[in-house]
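Working notes, beginning with the structure itself.
Just so it is clear, A, B, C, D, E and F label the chains in written order, and each chain counts residues from 1 on its own.
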């Protein structure tokens, strides 16, 4: 079984702040990530796909097809944006890395079967590196 | 299911040498890592935690809490130290990366339930990068 | 002659937009860096210092002293901030990497002689890595 | 349970081209990787091994033994070579990263039991980093 | 004075071999880089530009303009190519990193004044990272 | 003019402590680097050489010759060693990065003319990366 991991990058800003907390609770929970005007990161997004090896092409997945999906559904909407204001889903949930992963997973899953028909190609996991010190992974299975 | 990996660093020195081997056996087994006065590395320690996503905070684990645990129980005792002489556990076992992982795991596990009460937060694995060429991982499950 | 380069990091967001340009000119010049709500980066700041080698300590500069200067005058004010709104100087100039370097240089120079008295310690250059692909350097001499 | 991952490097060139496809199909499928004279990469190969911890040596695997196996069976034959012409197996299959992993796995498996007798040492997975953006992993179990 | 360094990448293959040497001399001089079918690298090319800071835009150089120049004159012709066969200049000189730098410098210089009219923008140096271990720099002044 | 930078690595340990300071002064000056049993780093050493380009070989320096010099005079004596005890020169001066550079420079210079006869090959600078955050450079001219 072979897994292919493809790496993407986007530069974005966010602010961690929940309307369900008081000012003091937000500050205590999120620290400087709660600063009022937001701040930014160079996010690294890794998409991990598995599937049967095509014996002729010698490939598990057509990487260009995956690139187009991730670019059109994720990178284009996130790159050089302020996620709190510019990405629809983050008007409802706080743009923590955990929630970013959930949004990315939902967006990819919604198109997956039409982009990779036949059911053999599987989205295994998504990793988001917020900084060198923080990496988050969502496993779909 | 979401996993959070947090990265720490410490600079330390060690010598690989077992009293249960002869000088020749030590040299044959450990090579230049057996040199008499020790040598050092910039270790990278990654702690991987999983747990349920808190729907309000959007987080799996409070990273500051994890940082305090790892700093007080591991980094503070290992950083800028000669592990053979300065870390109690290595007076009994050789400070190979494998044994360092076991010591780190035991130290974190001893405090885990009081630091993360409720049982939802799980220590999944610990990785130690000795050098770029050598990475060791201890999985707890 | 020995030079010491010390590396710092800060995560910040910015928007490239000049009031002296029209909307169209801003968009043409700055591209997606002109997006209205800003975006962010993990900036790497390198401060390069030279000076005579102290024959007893074996050091060119006291790194802790340099760290305190850079932390108090730069990192503390820039880290986890939206530079356009949160850093005073960027209410007058666009926070391009070039201008960030000039602001950092002015802030360090203003304190330099009181922090490093005697004139032997010299601020050689400041480098700012906006992303892996873009590095900017200001040489003071 | 402890896993040891050891990293190797080799610089090699390849061309993605299958005799079973037409010129147009090759170009459509492999893009610029189908360019007629090949191109190259600095490949990173990671070999991941697990096994019981030897209580005296404090080690899971003798790294020198692993190095000799990987050097003699893989790196020596791949490094500074044009894989299509110089590595026997790629006269039959296209040297995609997926197929390189399969060749590496077959070569290591053929020697494994004589190099690591007793059955306790297990080849868990092999990872190949073609570029920063593309990582492939073959899991043996 | 501010310098801007912009990073590009291309994957290419080459063979070090001079017709002016015997087979034995080629092998002695170039070692495994002389292997008959070539081998490859992921080259990193850094282009370093200086110039006056535009007080309104806050920029030293229009990075998009630089990107177009380097893409059209260098990356497009080198990426995913076998330099010995595919890049005209290397039919006369050996594609060592030193000679690659000279070819890149000549190609950029030929277009420089029409792309950056006025004479204020200066090509300071070009760096080529062949591997992590080997970096080459050509300074134009 | 072309410069070649070649990168080497060695893992070593050291303790910063001067007999000319009191215990308190040592602790105040060197902080945790003064811990009594030493600590270690994975040092990166970069040697930067310039010279005329040989028109036939297309090279500025024979890298194998440089490697043999640096290996025999530096890496072999420093790698996997405790510099305070194992490297002769550090029985007289404190093994700070600045002093390590001076020792390396003296060792290379002593052999330079016999290894690179003719005077065309010049040792431009030596850089030592102690950690990611600290880089030291000695320029010979």
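Here is the rule we go by: a contact is a pair of C-beta atoms (placed from the backbone, for glycine too) under 8 Å apart; a residue touches a chain by one contact, two chains touch by 3 or more.
Note that the structure is a prediction, hence the values are computed from the model and not measured.
Common neighbours of subunit C and subunit D (chains touching each): A, E.
Judged by shared residue numbers over all numbers used at their interface, subunit C and subunit F contact each other through mostly different positions, with under half in common. A comparison of the A-C and E-F interfaces places the larger number of contacting C-beta pairs at A-C.
The distance from the centre of subunit A to the centre of subunit F, with each centre set as the mean of the Cα atoms, comes to 43 Å. Inter-chain centre distance (subunit A to subunit E, centres taken as mean C-alpha positions): 35 Å.
Taking each chain's centre as the mean of its C-alpha atoms, subunit A lies 29 Å from subunit D. Subunit D has no residue in contact with two or more other chains. Applying the touch definition to every pair of chains gives A-B, A-C, A-D, B-D, B-F, C-E, C-F, D-E, E-F. Listing the residues of subunit D that touch subunit A in their complex gives 16, 18, 20-21, 29, 31, 93-96, 98-99, 101-102, 132-139.
Subunit E meets subunit C in the complex at residues 1-7, 53, 56-60, 62-64.
Subunit C meets subunit A in the complex at residues 11-14, 32-33, 35, 37-42, 79-82, 85-86, 131.
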